[in-house]
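Two complexes follow with chain A in common, the first pairing it with chain B and the second with chain C.
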Partner chain A sequence: MMMESPASAPVENSLLASPDSAIQRTKTPYVTGTSVIGLKYKDGILMVADMGGSYGSTIRYKSVQRIEKVGKHSLIGASGEISDFQEILRYLDDLVLNDNMWDDGNSLGPKDIHNYLVRVMYNRRNKFNPLWNNLILGGVKNGQKYLGTVNMIGVHYEDNHVATGFGNHLARPILRDEWREDLSFEEGVKILEKCMRVLLYRDRSAVNKLQIAKITEDDVQIYPPYALKTVWNLAAFQNPSASAPGSW
Partner chain B sequence: MTIQQASFSPYDNNGGTCVAVAGADYCVIAADTRMSTGYNVLTRDYSKIRQLADKSVLASSGFQADVRALQKVLEARHLTYQHQHNKQMSCPAMAQLLSNTLYYKRFFPYYAFNVLAGLDQEGKGCVFTYDAVGSYERTGYSAQGSGSTLIMPFLDNQLKSPSPLLLPAQDAVTPLSESEAVDLVKTCFASATERDIYTGDKLEILVLNAQGIRREYMELRKD
Partner chain C sequence: MFRNQYDTDVTTWSPAGRLFQVEYSMEAVKQGSAAIGLRSKTHVILASVNKANSELSSHQKKIFKVDDHIGVAIAGLTADGRVLSRYMRTECINYSYTYESPLPVGRLVVQLADKAQVCTQRSWKRPYGVGLLVGGLDESGAHLYYNCPSGNYFEYQAFAIGSRSQAAKTYMEKKFESFDGSSREDLLKDALFALRETLQGEKLTSSICTIAVVGVGEPFHVLDKDTVQSLINEFELVGEEAPPAEAADEQNQGGDAQPGDQQPADQGPAPMEM
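On to the complex of A and B.
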């Protein structure tokens, strides 16, 4: 007679003895987004990100929105693990909803949201269970422009322009050259497009479908995605081996 | 095969240098405002100096997220201290609190390199210098952070503090005047910036004396 002895049966999903291995944490990201860039301009904040979602080095998704509105006065942009970003958006929805329920006429500003995110990110790194993102937070409240960033271990700062990932290498030098306090919306967009074009040419996980978002004192807008004009018919691209003769 | 996967590290080094010099009736504390990671400059204007009480100021470099967390803990503890004792914490008391706070996380340390400076109960300048896990010492001057290896021997040479082994114990404060000390600190940073890539952009200097507190800035190399 086949009788399984309870002692030898492997315990699975037991309420009494949940195995330690049930605790899971992000050791490495799965689907990731690349750079986000943000800058201050005359009336507020501009942000840009492409819509790629990479699975390792494969560009698995091409329509992932990586910039969202938070509360009344803020925009958040994210690079890194997409699922963690969407979890963060749920935290923020919760935060904003609970703040709303006080019904006291107060609302969370971009500085408040940034502060909250810094604490969440740092707290998770302390638990060795990070949210795998670099975040950018921008907004305007009471005429005060705000632009800050935080990474997955809690390092954070404010600046007139910020970028994540490759953007730090390729976009920020452009921004340091060209940024001014009184940039118009059109000038701001032009600079962001210049940055994104450089990233598109040099960052292999960048895709040519991007979204620009703007936030001012009384308007938040995430514009529909569009593509940049690119030039690939340069002589060096036409016959790549011409300038690099091989031995065969 | 090179490693292709991103892996998690809970620490980063964001660089920066902190220097403090104590005189008989003043104290100078300074730090650069650059924040970096690897070969990147993240921002050129991030203050590493925090005034914790009327007469004690903390300058910290290392891992910025830990530094900020540490500052928040000290600020919160100082707030409760004020409610309980109805006065500001003295600089030597703050020094002991900082040591305890660092040692509390001995086995998952705050990666922070601190110099605490201010005026003691007699109005004399004081400098406390730390390691990441809380061992500390009262000195007349100190340098911490990425440029400390360049600055500390220079300060030793210029300020020749009396040996701590002397009996009776000698006063560790420097013989310089306030303006001489400020100039010395400026020279230190101008020099360190030449060779240390993690030091630069701008120098923030705080001077404490009987009149109160004064803040000044000096531009540093930006490359």
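On to the complex of A and C.
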């Protein structure tokens, strides 16, 4: 925007875009991931995401990892534009590297990183060039569990369970019913699988290959991907057009 | 004409490998009235002597709050001290805007030292003429640092700067080994005793000193006059206007034995090594 010459750029378009502008913005995402879900459990945080990468409505990639470790105490999960997520991971790598280089016994916790991401996301939306993601940040530091989310325009909050995209509509009602403070790891995984199964049936971008991650005070694990058992041979599926007759 | 030909420029070395302008700036710290700091595992106490410039004026502020978890005590050019305190406040506020957490003390001190160092390497600048005792609390515990105009910084259990600070250092050198486990009250007591040492027999009252505390569950704050006076009374520091003869001698020696006062500047140890 700053590079365009006043002579060639029409004044009324100068703020948004002009044909010879050097700056490009994400006006619409290209490769996207769908929901991520996170919840607090007895010892820490659990997160789950599937590994699909959609190119528009085509599920183009099926092994995209969308949960990563950040520093010693945090996990990040992302839905939305995959390349923007990769850029965010680069920012976080720099941040954590600098933090480690001090080597002074201080370290960034999940709350610090969440707040940093909020600033980054809101700053980019103010430049009309958002990072097209909804993020979930979870972690444990000094016995304190933390779970928060931030979206592409910088709206953020903390909760005991969070979800992005379709997960917000389909998974969170389940979590509101079934979440407890003292959930064990196995119970937590069971609830997450229930949520993912619902999403798999109803969200056309969801893929049956998912990864669970956990973080506790002294352990971070991103487990290998696996598939859920599903049942599609229900009577209602046998002749789908029977209950929806068309005009032809 | 000049004291020596190598001291007209900050960036000019003497053949002995010294930077005289930098050393002079460190002398400025010794001219200021005393400031002391000491710390336990959980608390840091900063204390300073308030000396009015004339009978008609009030004294200048020597202790500044930087953030809830950091404060500074200064000796030397007060104006430079205020500029650096403002810089530190800005850094703290920017850090908590970005991370919503307090800036680690050691990191602020490094940034401050780097800022001071730049002034020793630019021909068009002058070094800051102020020494800062930076006290604060972060996740690695309570810390006390001394920041020098040369750009050097050191971490201490207890330290004193400014005029007659040697007397306070001598007092604290005798007692510092127990400071780590000290209670807040014991630490305050030692701070007042150490501060009294710098007064050379002048009576310690709440009107000539400032005391500030930061610690676990206690944001940085300057104690009000009544609190300080009641502490002085409690520790029976009153009514000792004439200290024992020995002590006074020791203080005299301590106060006078400052390198550079009598010796030519290119002799004796370089101040930055101390």
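Please note the rule applied: the second predicted complex is superposed on the first by the 220 of 248 C-alpha atoms of A that agree within 3 Å, B and C clash if a C-alpha of one lies under 4 Å from a C-alpha of the other, contacts with A are read in each partner's own complex, and residues count from 1 in each chain.
In this section, a residue touches a chain if its C-beta (ideal position, glycine included) is under 8 Å from a C-beta of that chain, and two chains touch if they have at least 3 such contacts.
Note that this is a predicted model, so its numbers are computed, not measured.
After overlaying the two complexes on the shared chain, residue contacts for A:115 are found with chain C alone; chain B is out of touch. Residue contacts after overlaying the shared chain place A:241 against neither chain B nor chain C. Applying the stated contact rule after C-alpha superposition, one finds that A:125 touches chain B and leaves chain C untouched.
Judged by the touch definition given at the top, the superposed model places A:169 against chain B, while chain C stays out of reach.
After overlaying the two complexes on the shared chain, residue contacts for A:28 are found with chain B alone; chain C is out of touch.
More residues of chain A lie in contact with B than with the other chain of the pair chain B and chain C. Residue ranges on chain B touching chain A, taken from their complex, read 4-12, 14, 35, 37, 40, 42-43, 45-46, 63-65, 68-69, 108.
For chain C in complex with chain A, the touching residues are 97-101, 104, 106-107, 138-140. Residues 26-29, 56, 118, 122, 125-126, 128, 130, 132, 152-159, 168-169 of chain A are the ones touching chain B in the complex.
Of all the residues in chain A, the ones that touch chain C in their complex are 102, 104-109, 111-112, 115-116, 119, 142.
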